[in-house]
């Protein structure tokens, strides 16, 4: 029974210096706390609310930045892919290929990700019942690749709001795959701000505690040194400087739940 | 910072012997674990799915049974009232007057409960936004009675299903009143069985851990020595014999969250 | 195959003059259009969002006003009852006893209404699956009274919003009872204004056309000569002066759907 | 004020003979009724529930079949594209490029579709508020292409169910683009059968009437000569032989609503 893994980083790659700074901070903190760490950042935000939103450095420059994080700090890295043509390049660098929630039923993308031989992390769609993730697992596993992670990030609840159905963590775990809770996307208010998604950072710590208390294998957080200036998902990102006490409390809950 | 209070008992009063047996077991267990205990049971199930369902002993016989529980074990008791005319009699016996979720906006009932001088526990309606409970609090408090408890028991999520929005525990707490999580009603599948509500007992312990991890003042559980034979809400009631290890784990989480 | 019946009037009884004025206007208009008419108004709004909201003249004065409407214009009248104790007095005057949506599962109220011998109109709860209305029908019909109407008024869809699932009109019709569409409550935004429900009057005509196109037995509208000054539900009430062209269009759709 | 356009055909291209048979039948019927007709069929079902489900002939063979339909019957054709790389080939044949609902926020796909110069039909995601389609329109229109259609196909309503919020037809119309109602996908029960989506064909005609009564520019139906044997979406497809009386009734409603 291991503590939860922390999958964390900025929403989108901004510049190399900041990327390395965030990775280094997270690596130090997780080493100190005895938590396994995976660095996460997107090279391209392919489904921003508005066409004029910042999308990131693109796949080539982005993968280069992620490769630097990987070599410099010796941490695994994860990022999103958006169609099957990106998988070959991405799997050269990424340890974990992530399938965005809206794309969690796109067969070609899931199969390409499976064929890469990398671990595949699929985010459950906001429209998807947790038990129906078994078919998603089946699509990836049809390639012979059973290294699959499943991530909860909230379900549609009326308009411009998501709800976390904590039962889904248990239902997905019964599919035999590790389950991750994406606490920072779960508090998004999709499209809730004009031309961008709003978010509720104030609930991230509490929902994370709830998920850890249910029992999870990993926790996914978007973090930023200065979320007010983040180029994507600032309203739901955590302040880098605030993480330590939250993680300590989560580890204590995790230890209770996993009888460590 | 106290541990959560346990509000517990059978869904409906069946017979006196069983009532006393359940109360005694719960009293012993909570004393041993250092948890405050309130005995809960309904004298009348006024909104069963079907007209032919068992409703309980009625208000007079029911209050008598509750009075015996109270005197025999020296525990406070709580039960539902269903219209303003019941409040006078009920408040002779009950320490806490409970307002059912469907009735959480009925002004006369809330005002009558407030005027009783007893503590009033209002269950949030399945149709009600958590921030709108401020108006419910206002109705009770208009009587000068500020002893109000607010209970989360799930929100409508499509048909025949409820979801617990864990954010609601935090939102209601901001109203300045103690918040209770009703874990056994939260796993009901309303009307999901033909002529009765189905339930998912298997999620009660995990959802309770999640709510305790968020931080709550009380936990509400329907329990029964033999839920398969319970005359109401069996599918979501916990087995009396199973409570101890669950409560111990919850207390450990509660201690972490409340820094005890 | 008859045209739909119009059930209409102000949300709440304000004063007698206005009440008679509205009733007379509606009676004239429906006579002219060949539509059967039932006058509707509440004597008590028992579940307003806030304790300080206007509630109406109360049962005695209210029933007196409704009796005047009935005798003066020779129209049937309908109003809400809120607990079983009101049914005896109400059924002296009312042709149709209406059960509010939040109370649609309260067994005693349904049975009392059934026993009155009057027609009983039950509004489907915002939390209730349409197929589960069969148990509601069963509660009323347990008294031997089969004169039951079922009304759709929207289902909970996230917080502070309702959605009309038009399938419900068909599902409830299969229960063998006439189905009414309450278009003005269906566009409420419950609790959406601070301390009162907001509403979307602009969608009433279109949703009414949709329901009539599905095929309904009755249409329920709250109307007011001056909704901006209405003491309840103004934002979703129709202007009395606007009804004629809307009704004419609805009658034309109704004739198509019912092959008249 | 024109009658609604009918966009119709089988869910997926099966074989050429059946394709031509369906197209010919629909062309004859719509000519006879004076309805404009667009033939619809998918060359690839890219997000079936299960990896082993039939997906169609693929893009090359599929576009060839669609080209034959177009030349033989002189009708415009529409089909889905699933990533930006497909748009160039697809726009050689298709008159309308369709963006699937799950992909309605994928910027690259929307921009590629816009750049094709073809009409772009975007299905509103099951997770998307209707007002947020303005940003989707903005993505396509950023290419200078303003020929955009918006399609309603239901919103997530709990698990394994969709609800049609008829208000969305009006809200999307305010964006200044023609609005289509996809009645056969709106009655899907996503993932509701084991390994495939179930559907409720019995509600298609009534929901279509409701949408036409609201006022729409187009109606989208999947049809099949033998839905029980259809290789995709059989449970929600209409029988080809049943269309005429339904369309006649819809035309009559359409004429009332549009004052023709």
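Going in written order, the chains are labelled A, B, C and D, and every chain counts its residues from 1.
Note that in this section contacts are C-beta pairs under 8 Å (C-beta built on N, C-alpha and C of every residue); 3 or more make two chains touch, one makes a residue touch a chain.
Please read these numbers as outputs of a predicted model, since none were measured by experiment.
> Chains in contact with subunit C and with subunit D: which ones?
The shared contacts of subunit C and subunit D, listed by label, come to A, B.
> Computing the C-alpha centre of each chain, which chain sits at the greatest distance from subunit B?
Chain centre farthest from subunit B's centre: D.
> Roughly how far is subunit A from subunit B, going centre to centre by Cα mean, in whole Å?
Centre separation, subunit A to subunit B: 36 Å.
> Counting in whole Å, what is the centre-to-centre distance of subunit B and subunit C, each centre being its mean C-alpha position?
Computed value for the inter-centroid distance: 33 Å.
> Could you tell me the distance, in whole angstrom, between the mean C-alpha positions of subunit B and subunit D?
Going by mean C-alpha positions, subunit B sits 48 Å from subunit D.
> Among all residues of subunit D, which ones touch two or more of the remaining chains?
Where subunit D meets two or more other chains at a single residue, that happens at 155, 157, 159.
> Within their complex, state which residues of subunit B touch subunit D.
157-159, 161
> Going by the contact rule set out above, which residues of subunit D touch subunit A in the complex?
46-52, 55, 82-85, 102-103, 105-108, 110-111, 125-132, 135, 138-139, 142, 155-156, 159-160, 190-191, 195
> If you look only at subunit B, which of its residues touch subunit A in the complex?
The touching residues are 155, 157, 163-167, 169-170, 200, 202-203, 206-207, 209-215, 249, 252-253, 256-257.
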